[in-house]
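Read through the structures below before going on.
Heads up, the next two complexes both have subunit A, just with different partners, subunit B and then subunit C.
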Partner chain A sequence: MRSDMGLIVKTTARATIPLIGIFGAYVVSHGHLTPGGGFQGGATIAGAGILFLIAFGFGEMKKRYNHHLYSVLEGFGGLVFLGAAMLGLGVAFFYNALWHEGPILNGQPGTLLSAGYLPIMNLAVGLKVFTGLISALFAIAAYRRWRE
Partner chain B sequence: MIAPEFFYSALIVMIGAFMALLRVFFGPSVPDRVVGVDTLNTLVVAGMILLGAAYDRTIYIDIAIVYALLSYIGTLAIARYLQGGLE
Partner chain C sequence: MKKAFGTLALLFLLGVLLVVASPSNGIKFGLGGEDWKTYRYTDEYYIQHGMDEVGGTNIVTDIVFDYRGYDTLGEATVLFTAIAGAVALLRPWRRDENEE
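Here is the complex of A and B:
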(Lines of atoms letter the chains of each structure in order from A and count residues from 1; the text may use other names and numbers.)
(Lines give C-alpha, C1' and ligand atoms only; values in the text may rest on other atoms or scores of the structure.)
Protein backbone atom coordinates (compact mmCIF):
# COMPACT_ATOMS: atom_id res chain seq x y z
CA MET A 1 0.00 0.00 0.00
CA ARG A 2 1.19 3.49 -0.75
CA SER A 3 2.38 5.46 2.22
CA ASP A 4 1.40 8.83 0.74
CA MET A 5 -1.50 10.08 -1.31
CA GLY A 6 -1.55 11.01 -4.97
CA LEU A 7 0.32 13.78 -6.73
CA ILE A 8 -2.60 16.20 -6.71
CA VAL A 9 -3.16 15.87 -2.98
CA LYS A 10 0.55 16.28 -2.24
CA THR A 11 0.90 19.38 -4.40
CA THR A 12 -2.25 20.87 -2.89
CA ALA A 13 -0.91 20.13 0.58
CA ARG A 14 2.36 21.90 -0.26
CA ALA A 15 0.33 24.97 -1.18
CA THR A 16 -2.20 24.70 1.65
CA ILE A 17 -0.04 23.90 4.67
CA PRO A 18 1.68 27.34 4.77
CA LEU A 19 -1.70 29.00 4.22
CA ILE A 20 -3.27 27.17 7.16
CA GLY A 21 -0.21 27.83 9.32
CA ILE A 22 -0.18 31.55 8.57
CA PHE A 23 -3.92 31.84 9.13
CA GLY A 24 -3.62 29.99 12.43
CA ALA A 25 -0.82 32.34 13.47
CA TYR A 26 -3.09 35.25 12.54
CA VAL A 27 -5.90 33.84 14.69
CA VAL A 28 -3.51 33.34 17.63
CA SER A 29 -1.86 36.75 17.44
CA HIS A 30 -5.15 38.63 17.00
CA GLY A 31 -6.87 36.68 19.76
CA HIS A 32 -7.74 39.83 21.68
CA LEU A 33 -9.24 41.61 18.65
CA THR A 34 -11.07 39.03 16.52
CA PRO A 35 -12.86 35.73 17.21
CA GLY A 36 -10.54 32.91 18.06
CA GLY A 37 -7.50 32.98 20.26
CA GLY A 38 -5.00 30.53 21.62
CA PHE A 39 -6.96 27.31 21.45
CA GLN A 40 -8.67 27.95 18.13
CA GLY A 41 -5.52 29.15 16.41
CA GLY A 42 -3.46 26.32 17.88
CA ALA A 43 -6.00 23.78 16.67
CA THR A 44 -5.94 25.39 13.21
CA ILE A 45 -2.15 25.13 13.04
CA ALA A 46 -2.42 21.53 14.25
CA GLY A 47 -4.77 21.02 11.28
CA ALA A 48 -1.82 21.87 9.03
CA GLY A 49 0.19 19.15 10.77
CA ILE A 50 -2.66 16.67 10.34
CA LEU A 51 -2.81 17.58 6.64
CA PHE A 52 0.92 16.89 6.41
CA LEU A 53 0.46 13.51 8.10
CA ILE A 54 -2.44 12.56 5.83
CA ALA A 55 -0.93 13.77 2.55
CA PHE A 56 2.68 12.65 2.95
CA GLY A 57 2.25 9.57 5.10
CA PHE A 58 3.55 8.40 8.42
CA GLY A 59 7.17 7.79 7.34
CA GLU A 60 7.66 11.37 6.19
CA MET A 61 6.08 12.65 9.41
CA LYS A 62 8.37 10.42 11.48
CA LYS A 63 11.44 12.01 9.89
CA ARG A 64 10.33 15.51 10.80
CA TYR A 65 8.70 14.94 14.16
CA ASN A 66 10.93 15.27 17.21
CA HIS A 67 9.26 14.02 20.34
CA HIS A 68 11.60 15.75 22.78
CA LEU A 69 11.31 19.11 21.03
CA TYR A 70 7.50 18.99 21.03
CA SER A 71 7.35 17.86 24.63
CA VAL A 72 9.67 20.68 25.72
CA LEU A 73 7.69 23.25 23.72
CA GLU A 74 4.41 22.13 25.28
CA GLY A 75 5.82 22.55 28.77
CA PHE A 76 7.33 25.88 27.74
CA GLY A 77 3.91 27.15 26.63
CA GLY A 78 2.41 26.32 30.00
CA LEU A 79 5.31 27.98 31.82
CA VAL A 80 5.00 31.16 29.74
CA PHE A 81 1.29 31.28 30.59
CA LEU A 82 2.05 30.97 34.29
CA GLY A 83 4.89 33.48 34.04
CA ALA A 84 2.61 36.04 32.39
CA ALA A 85 0.04 35.42 35.11
CA MET A 86 2.67 36.05 37.80
CA LEU A 87 3.91 39.35 36.29
CA GLY A 88 1.75 41.40 38.64
CA LEU A 89 2.17 39.20 41.68
CA GLY A 90 2.83 42.27 43.83
CA VAL A 91 -0.89 43.10 43.58
CA ALA A 92 -2.60 39.82 42.83
CA PHE A 93 -2.28 36.66 40.79
CA PHE A 94 -3.38 37.33 37.18
CA TYR A 95 -3.08 41.09 37.79
CA ASN A 96 -2.55 42.62 34.34
CA ALA A 97 0.57 44.61 35.24
CA LEU A 98 1.66 45.04 31.61
CA TRP A 99 -1.57 46.84 30.83
CA HIS A 100 -1.61 49.13 33.88
CA GLU A 101 2.02 50.28 34.05
CA GLY A 102 3.97 47.98 31.73
CA PRO A 103 6.61 49.12 29.26
CA ILE A 104 5.07 47.27 26.28
CA LEU A 105 1.68 46.02 25.11
CA ASN A 106 -0.24 48.93 26.58
CA GLY A 107 -1.21 50.72 23.38
CA GLN A 108 -4.55 52.08 22.32
CA PRO A 109 -7.32 49.47 22.83
CA GLY A 110 -8.16 47.90 19.49
CA THR A 111 -4.60 47.90 18.17
CA LEU A 112 -2.36 44.84 18.00
CA LEU A 113 0.02 45.82 20.81
CA SER A 114 -2.61 46.33 23.48
CA ALA A 115 -4.41 44.31 26.15
CA GLY A 116 -1.37 43.72 28.37
CA TYR A 117 -0.49 40.08 28.87
CA LEU A 118 -3.32 38.70 26.72
CA PRO A 119 -1.28 38.36 23.48
CA ILE A 120 1.52 36.63 25.41
CA MET A 121 -0.96 34.21 26.94
CA ASN A 122 -2.58 33.61 23.55
CA LEU A 123 0.80 32.78 22.02
CA ALA A 124 1.61 30.45 24.92
CA VAL A 125 -1.73 28.64 24.72
CA GLY A 126 -1.44 28.40 20.94
CA LEU A 127 2.02 26.84 21.20
CA LYS A 128 0.81 24.43 23.86
CA VAL A 129 -2.29 23.37 21.95
CA PHE A 130 -0.41 22.97 18.67
CA THR A 131 2.39 20.83 20.09
CA GLY A 132 0.00 18.82 22.27
CA LEU A 133 -2.39 18.00 19.44
CA ILE A 134 0.43 17.12 17.04
CA SER A 135 2.02 14.86 19.66
CA ALA A 136 -1.32 13.16 20.36
CA LEU A 137 -2.06 12.66 16.65
CA PHE A 138 1.43 11.33 16.00
CA ALA A 139 1.13 8.90 18.92
CA ILE A 140 -2.24 7.67 17.62
CA ALA A 141 -0.81 7.24 14.12
CA ALA A 142 2.20 5.34 15.50
CA TYR A 143 0.05 2.99 17.54
CA ARG A 144 -0.40 -0.11 15.43
CA ARG A 145 -1.54 -3.03 17.50
CA TRP A 146 -3.60 -4.48 14.67
CA ARG A 147 -0.46 -5.62 12.88
CA GLU A 148 1.32 -7.54 15.68
CA MET B 1 -27.32 48.10 8.68
CA ILE B 2 -29.06 44.80 8.12
CA ALA B 3 -29.64 43.91 4.49
CA PRO B 4 -32.61 41.55 4.00
CA GLU B 5 -31.52 40.20 0.62
CA PHE B 6 -28.55 38.47 2.25
CA PHE B 7 -30.96 36.70 4.58
CA TYR B 8 -33.00 35.49 1.61
CA SER B 9 -29.91 34.13 -0.13
CA ALA B 10 -28.84 32.48 3.12
CA LEU B 11 -32.28 30.85 3.26
CA ILE B 12 -31.79 29.50 -0.28
CA VAL B 13 -28.38 28.13 0.70
CA MET B 14 -30.02 26.53 3.73
CA ILE B 15 -32.57 24.76 1.53
CA GLY B 16 -29.70 23.39 -0.57
CA ALA B 17 -27.95 22.28 2.59
CA PHE B 18 -31.04 20.34 3.67
CA MET B 19 -31.09 18.61 0.30
CA ALA B 20 -27.44 17.65 0.78
CA LEU B 21 -28.38 16.41 4.25
CA LEU B 22 -30.95 14.09 2.69
CA ARG B 23 -28.13 12.46 0.75
CA VAL B 24 -26.19 12.04 3.99
CA PHE B 25 -29.22 10.40 5.63
CA PHE B 26 -30.36 8.12 2.80
CA GLY B 27 -27.11 7.57 0.92
CA PRO B 28 -26.91 3.86 0.19
CA SER B 29 -23.11 3.69 0.26
CA VAL B 30 -20.41 5.37 2.32
CA PRO B 31 -18.91 7.48 -0.54
CA ASP B 32 -22.38 8.92 -1.14
CA ARG B 33 -22.49 10.15 2.42
CA VAL B 34 -18.94 11.53 2.15
CA VAL B 35 -19.85 13.52 -0.95
CA GLY B 36 -22.98 14.72 0.83
CA VAL B 37 -20.96 15.93 3.81
CA ASP B 38 -18.47 17.65 1.49
CA THR B 39 -21.29 19.48 -0.29
CA LEU B 40 -22.74 20.40 3.09
CA ASN B 41 -19.39 21.87 4.17
CA THR B 42 -19.20 24.09 1.10
CA LEU B 43 -22.79 25.24 1.61
CA VAL B 44 -22.12 26.00 5.27
CA VAL B 45 -19.17 28.16 4.24
CA ALA B 46 -21.40 30.00 1.76
CA GLY B 47 -24.02 30.46 4.47
CA MET B 48 -21.43 31.82 6.89
CA ILE B 49 -20.25 34.38 4.34
CA LEU B 50 -23.82 35.44 3.55
CA LEU B 51 -24.77 35.76 7.21
CA GLY B 52 -21.60 37.75 7.86
CA ALA B 53 -22.68 40.12 5.10
CA ALA B 54 -26.24 40.19 6.45
CA TYR B 55 -25.18 41.10 9.96
CA ASP B 56 -22.52 43.49 8.61
CA ARG B 57 -19.69 41.91 10.60
CA THR B 58 -16.43 41.43 8.67
CA ILE B 59 -14.89 39.34 11.45
CA TYR B 60 -17.31 36.50 10.68
CA ILE B 61 -15.40 35.88 7.45
CA ASP B 62 -12.43 34.57 9.48
CA ILE B 63 -14.55 31.73 10.82
CA ALA B 64 -15.68 30.84 7.30
CA ILE B 65 -12.05 30.67 6.12
CA VAL B 66 -11.04 28.44 9.03
CA TYR B 67 -14.05 26.20 8.41
CA ALA B 68 -13.25 25.91 4.70
CA LEU B 69 -9.65 24.92 5.42
CA LEU B 70 -10.52 22.40 8.13
CA SER B 71 -13.41 20.81 6.23
CA TYR B 72 -10.95 20.08 3.43
CA ILE B 73 -8.72 18.25 5.92
CA GLY B 74 -11.71 16.31 7.27
CA THR B 75 -12.82 15.15 3.84
CA LEU B 76 -9.23 14.20 3.02
CA ALA B 77 -8.97 12.14 6.22
CA ILE B 78 -12.16 10.23 5.37
CA ALA B 79 -10.92 9.64 1.82
CA ARG B 80 -7.62 8.41 3.20
CA TYR B 81 -9.46 6.00 5.46
CA LEU B 82 -11.64 4.71 2.64
CA GLN B 83 -8.66 4.08 0.38
CA GLY B 84 -7.02 1.86 2.98
CA GLY B 85 -5.79 3.87 5.93
CA LEU B 86 -2.39 5.15 6.92
CA GLU B 87 0.18 2.68 5.55
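Here is the complex of A and C:
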Protein backbone atom coordinates (compact mmCIF):
# COMPACT_ATOMS: atom_id res chain seq x y z
CA MET A 1 0.00 0.00 0.00
CA ARG A 2 1.62 3.21 -1.17
CA SER A 3 -0.39 6.03 0.28
CA ASP A 4 2.56 8.38 0.86
CA MET A 5 3.98 11.18 -1.24
CA GLY A 6 7.20 11.44 -3.23
CA LEU A 7 10.68 12.22 -2.03
CA ILE A 8 10.50 16.00 -2.47
CA VAL A 9 7.26 16.29 -0.53
CA LYS A 10 8.62 14.09 2.24
CA THR A 11 11.83 16.08 2.57
CA THR A 12 9.97 19.39 2.52
CA ALA A 13 7.57 18.09 5.16
CA ARG A 14 10.51 16.98 7.27
CA ALA A 15 11.85 20.54 7.11
CA THR A 16 8.56 22.40 7.61
CA ILE A 17 6.81 20.32 10.27
CA PRO A 18 9.16 21.52 13.07
CA LEU A 19 8.80 25.10 11.88
CA ILE A 20 5.01 24.89 11.90
CA GLY A 21 5.13 23.28 15.34
CA ILE A 22 7.41 25.98 16.73
CA PHE A 23 5.26 28.73 15.26
CA GLY A 24 2.15 27.13 16.74
CA ALA A 25 3.83 26.86 20.14
CA TYR A 26 4.77 30.54 19.86
CA VAL A 27 1.19 31.52 19.05
CA VAL A 28 -0.09 29.50 22.02
CA SER A 29 2.46 30.69 24.55
CA HIS A 30 2.20 34.37 23.54
CA GLY A 31 -1.59 34.32 23.44
CA HIS A 32 -1.87 37.03 26.10
CA LEU A 33 0.56 39.36 24.31
CA THR A 34 0.04 39.02 20.56
CA PRO A 35 -2.88 38.05 18.33
CA GLY A 36 -3.71 34.38 18.55
CA GLY A 37 -4.15 32.10 21.48
CA GLY A 38 -5.06 28.57 22.38
CA PHE A 39 -7.55 27.83 19.62
CA GLN A 40 -5.53 29.37 16.80
CA GLY A 41 -2.19 27.97 17.91
CA GLY A 42 -3.66 24.54 18.56
CA ALA A 43 -5.13 24.49 15.06
CA THR A 44 -1.72 25.53 13.68
CA ILE A 45 0.06 22.66 15.43
CA ALA A 46 -2.68 20.31 14.26
CA GLY A 47 -1.85 21.53 10.74
CA ALA A 48 1.67 20.20 11.25
CA GLY A 49 0.20 16.84 12.26
CA ILE A 50 -2.05 16.79 9.20
CA LEU A 51 0.96 17.58 7.01
CA PHE A 52 2.71 14.59 8.58
CA LEU A 53 -0.32 12.40 7.89
CA ILE A 54 -0.54 13.49 4.25
CA ALA A 55 3.16 13.47 3.46
CA PHE A 56 4.18 10.23 5.14
CA GLY A 57 0.96 8.31 4.70
CA PHE A 58 -1.51 6.60 6.98
CA GLY A 59 0.72 3.65 7.86
CA GLU A 60 3.46 5.86 9.27
CA MET A 61 0.89 7.88 11.21
CA LYS A 62 -0.62 4.72 12.64
CA LYS A 63 2.72 3.74 14.16
CA ARG A 64 3.09 7.04 15.99
CA TYR A 65 -0.50 7.80 16.91
CA ASN A 66 -1.74 6.44 20.22
CA HIS A 67 -5.48 6.72 20.55
CA HIS A 68 -5.52 6.41 24.31
CA LEU A 69 -2.78 8.99 24.84
CA TYR A 70 -4.56 11.57 22.68
CA SER A 71 -7.90 10.98 24.40
CA VAL A 72 -6.27 11.37 27.81
CA LEU A 73 -4.44 14.54 26.73
CA GLU A 74 -7.63 16.11 25.42
CA GLY A 75 -9.43 15.47 28.68
CA PHE A 76 -6.37 16.67 30.59
CA GLY A 77 -6.37 19.97 28.67
CA GLY A 78 -10.00 20.56 29.59
CA LEU A 79 -9.32 19.72 33.23
CA VAL A 80 -6.36 22.12 33.39
CA PHE A 81 -8.60 24.83 31.93
CA LEU A 82 -11.22 24.16 34.60
CA GLY A 83 -8.57 24.00 37.32
CA ALA A 84 -7.15 27.36 36.29
CA ALA A 85 -10.66 28.78 36.32
CA MET A 86 -11.18 27.47 39.85
CA LEU A 87 -7.95 28.98 41.24
CA GLY A 88 -9.82 31.98 42.58
CA LEU A 89 -12.87 30.08 43.74
CA GLY A 90 -12.72 31.88 47.09
CA VAL A 91 -13.90 35.03 45.32
CA ALA A 92 -15.66 33.80 42.21
CA PHE A 93 -15.40 31.28 39.42
CA PHE A 94 -13.04 32.63 36.74
CA TYR A 95 -11.55 35.08 39.26
CA ASN A 96 -7.97 35.74 38.10
CA ALA A 97 -6.36 35.09 41.49
CA LEU A 98 -2.87 34.59 40.06
CA TRP A 99 -2.90 38.07 38.60
CA HIS A 100 -4.29 39.86 41.63
CA GLU A 101 -2.32 38.24 44.47
CA GLY A 102 -0.64 35.19 42.97
CA PRO A 103 2.95 34.14 43.56
CA ILE A 104 3.75 33.63 39.86
CA LEU A 105 2.60 34.96 36.53
CA ASN A 106 1.91 38.45 37.84
CA GLY A 107 4.73 40.37 36.19
CA GLN A 108 4.59 43.61 34.30
CA PRO A 109 1.85 43.56 31.61
CA GLY A 110 3.49 42.81 28.29
CA THR A 111 6.04 40.35 29.61
CA LEU A 112 5.71 36.63 29.10
CA LEU A 113 5.13 35.78 32.77
CA SER A 114 2.16 38.04 33.29
CA ALA A 115 -1.61 37.97 32.99
CA GLY A 116 -2.31 35.43 35.74
CA TYR A 117 -3.93 32.23 34.52
CA LEU A 118 -4.19 33.33 30.90
CA PRO A 119 -1.00 31.54 29.74
CA ILE A 120 -2.04 28.37 31.60
CA MET A 121 -5.46 28.45 29.96
CA ASN A 122 -3.93 29.14 26.55
CA LEU A 123 -1.63 26.13 26.90
CA ALA A 124 -4.50 23.93 28.06
CA VAL A 125 -6.80 25.00 25.23
CA GLY A 126 -3.97 24.64 22.71
CA LEU A 127 -3.27 21.09 23.88
CA LYS A 128 -6.96 20.30 23.77
CA VAL A 129 -7.51 21.67 20.27
CA PHE A 130 -4.36 20.00 18.91
CA THR A 131 -5.13 16.54 20.27
CA GLY A 132 -8.80 16.82 19.38
CA LEU A 133 -8.18 17.81 15.77
CA ILE A 134 -5.52 15.13 15.34
CA SER A 135 -7.90 12.51 16.78
CA ALA A 136 -10.71 13.59 14.45
CA LEU A 137 -8.45 13.68 11.38
CA PHE A 138 -6.97 10.29 12.23
CA ALA A 139 -10.45 8.83 12.61
CA ILE A 140 -11.42 10.27 9.21
CA ALA A 141 -8.23 8.93 7.61
CA ALA A 142 -8.82 5.48 9.12
CA TYR A 143 -12.35 5.40 7.70
CA ARG A 144 -11.81 3.73 4.33
CA ARG A 145 -14.89 1.65 3.70
CA TRP A 146 -15.13 2.49 -0.01
CA ARG A 147 -11.87 0.67 -0.66
CA GLU A 148 -13.07 -2.56 -2.25
CA MET B 1 -45.70 24.65 -4.05
CA LYS B 2 -43.92 24.20 -0.78
CA LYS B 3 -40.65 25.10 -2.44
CA ALA B 4 -42.09 28.35 -3.88
CA PHE B 5 -43.40 29.30 -0.46
CA GLY B 6 -40.02 28.61 1.09
CA THR B 7 -38.29 30.76 -1.52
CA LEU B 8 -40.76 33.59 -0.92
CA ALA B 9 -40.18 33.36 2.83
CA LEU B 10 -36.41 33.47 2.29
CA LEU B 11 -36.78 36.53 0.03
CA PHE B 12 -38.98 38.25 2.62
CA LEU B 13 -36.45 37.58 5.39
CA LEU B 14 -33.64 38.85 3.18
CA GLY B 15 -35.58 42.05 2.47
CA VAL B 16 -36.28 42.62 6.16
CA LEU B 17 -32.62 42.10 6.98
CA LEU B 18 -31.56 44.52 4.24
CA VAL B 19 -33.91 47.17 5.62
CA VAL B 20 -32.69 46.64 9.16
CA ALA B 21 -29.04 46.73 8.13
CA SER B 22 -29.31 50.01 6.23
CA PRO B 23 -27.81 52.95 8.13
CA SER B 24 -30.82 55.26 7.60
CA ASN B 25 -33.29 53.22 9.66
CA GLY B 26 -31.28 50.53 11.38
CA ILE B 27 -27.80 49.71 12.60
CA LYS B 28 -24.87 51.90 11.68
CA PHE B 29 -21.44 50.90 10.45
CA GLY B 30 -18.07 52.48 11.19
CA LEU B 31 -19.07 54.08 14.48
CA GLY B 32 -16.98 56.93 15.82
CA GLY B 33 -17.08 59.96 18.06
CA GLU B 34 -20.28 60.30 20.07
CA ASP B 35 -21.81 57.17 18.52
CA TRP B 36 -18.93 55.13 19.88
CA LYS B 37 -19.65 56.33 23.41
CA THR B 38 -23.37 55.63 22.96
CA TYR B 39 -23.35 52.22 21.32
CA ARG B 40 -19.96 50.74 22.22
CA TYR B 41 -19.50 51.67 25.88
CA THR B 42 -18.73 48.04 26.81
CA ASP B 43 -15.87 47.94 24.32
CA GLU B 44 -14.67 51.25 25.74
CA TYR B 45 -14.58 49.72 29.21
CA TYR B 46 -12.64 46.65 28.06
CA ILE B 47 -10.09 48.74 26.18
CA GLN B 48 -9.54 51.10 29.11
CA HIS B 49 -9.48 48.60 31.99
CA GLY B 50 -8.51 45.30 30.37
CA MET B 51 -4.79 45.60 30.92
CA ASP B 52 -5.04 46.59 34.61
CA GLU B 53 -7.74 44.11 35.56
CA VAL B 54 -6.54 41.02 33.69
CA GLY B 55 -2.91 41.75 32.88
CA GLY B 56 -2.76 40.64 29.27
CA THR B 57 -1.98 43.17 26.59
CA ASN B 58 -4.11 41.20 24.12
CA ILE B 59 -7.59 42.52 24.88
CA VAL B 60 -9.29 39.74 22.93
CA THR B 61 -7.62 37.10 25.11
CA ASP B 62 -8.49 39.13 28.19
CA ILE B 63 -12.16 39.12 27.25
CA VAL B 64 -12.28 35.54 26.02
CA PHE B 65 -10.50 33.94 28.97
CA ASP B 66 -11.30 36.27 31.85
CA TYR B 67 -14.33 38.52 31.39
CA ARG B 68 -16.28 35.96 29.39
CA GLY B 69 -14.58 32.80 30.58
CA TYR B 70 -17.80 30.80 30.67
CA ASP B 71 -18.16 31.34 26.95
CA THR B 72 -14.75 29.81 26.30
CA LEU B 73 -15.60 26.95 28.63
CA GLY B 74 -18.70 26.25 26.57
CA GLU B 75 -16.69 26.57 23.38
CA ALA B 76 -14.18 24.01 24.63
CA THR B 77 -17.06 21.74 25.61
CA VAL B 78 -18.56 22.08 22.13
CA LEU B 79 -15.20 21.17 20.58
CA PHE B 80 -14.84 18.21 22.92
CA THR B 81 -18.33 16.98 22.09
CA ALA B 82 -17.75 17.43 18.36
CA ILE B 83 -14.51 15.43 18.48
CA ALA B 84 -16.08 12.73 20.64
CA GLY B 85 -19.08 12.48 18.29
CA ALA B 86 -16.94 12.39 15.15
CA VAL B 87 -14.60 9.73 16.53
CA ALA B 88 -17.52 7.69 17.85
CA LEU B 89 -19.34 7.81 14.52
CA LEU B 90 -16.23 7.02 12.48
CA ARG B 91 -15.32 3.85 14.36
CA PRO B 92 -15.35 0.72 12.21
CA TRP B 93 -18.65 -1.08 12.00
CA ARG B 94 -18.89 -4.56 13.37
CA ARG B 95 -19.71 -5.99 9.92
CA ASP B 96 -16.59 -4.42 8.39
CA GLU B 97 -14.36 -5.95 11.01
CA ASN B 98 -15.76 -9.39 10.22
CA GLU B 99 -15.06 -8.95 6.51
CA GLU B 100 -11.41 -8.15 6.99
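As a working rule, the second predicted complex is superposed on the first by the 146 of 148 C-alpha atoms of A that agree within 3 Å, B and C clash if a C-alpha of one lies under 4 Å from a C-alpha of the other, contacts with A are read in each partner's own complex, and residues count from 1 in each chain.
One rule holds for everything that comes next: a contact is a pair of C-beta atoms (placed from the backbone, for glycine too) under 8 Å apart; a residue touches a chain by one contact, two chains touch by 3 or more.
The shown structure was predicted, so the numbers you read here are calculated from the model rather than taken from an experiment.
Once chain A of one complex is fitted onto chain A of the other, the partner contacts of A:Met5 are limited to subunit B, with no touch recorded for subunit C. When the two complexes are overlaid on their common chain A, residue A:His32 makes contact with subunit C while staying clear of subunit B. Looking at the shared chain after the overlay, A:Ile20 reaches subunit B, while subunit C stays out of its contact range. Of the two partner chains, neither subunit B nor subunit C is touched by A:Ile45.
In the superposed model, A:Leu127 makes contact with neither subunit B nor subunit C.
In the superposed model, A:Ala97 lies in contact with neither subunit B nor subunit C.
Within the superposed three-chain model, A:Val80 lies out of touch with both subunit B and subunit C [touch as defined at top]. When the two structures are aligned on the shared chain, A:Asn106 is found in touch with subunit C, with no touch to subunit B.
Contacts of A:Gly59 after superposition on the shared chain: subunit B is touched, whereas subunit C is not.
Between subunit B and subunit C, C touches the greater number of residues of subunit A. Subunit A uses residues 34-35 to touch subunit B in one structure and subunit C in the other. Considering their complex, residues 1, 3, 5, 9, 16, 19-20, 23, 27, 34-36, 40, 44, 47, 50-51, 53-55, 57-59, 141 of subunit A touch subunit B. Residues of subunit C that touch subunit A in their complex: 51-58, 60-62, 64-66, 69-70, 72-73, 75-77, 79-80, 82-83, 86-87, 90-93, 96.
Subunit B makes touch with subunit A in their complex at residues 59-60, 62-63, 65-66, 69-70, 72-73, 76-77, 80, 83-87. Those residues of subunit A whose C-beta lies close enough to touch subunit C in the complex are 31-35, 37, 39, 74, 78, 81-82, 85, 93-94, 96, 99, 106, 109-110, 114-118, 121-122, 125, 128-129, 132-133, 135-136, 139-140, 142-143, 145.
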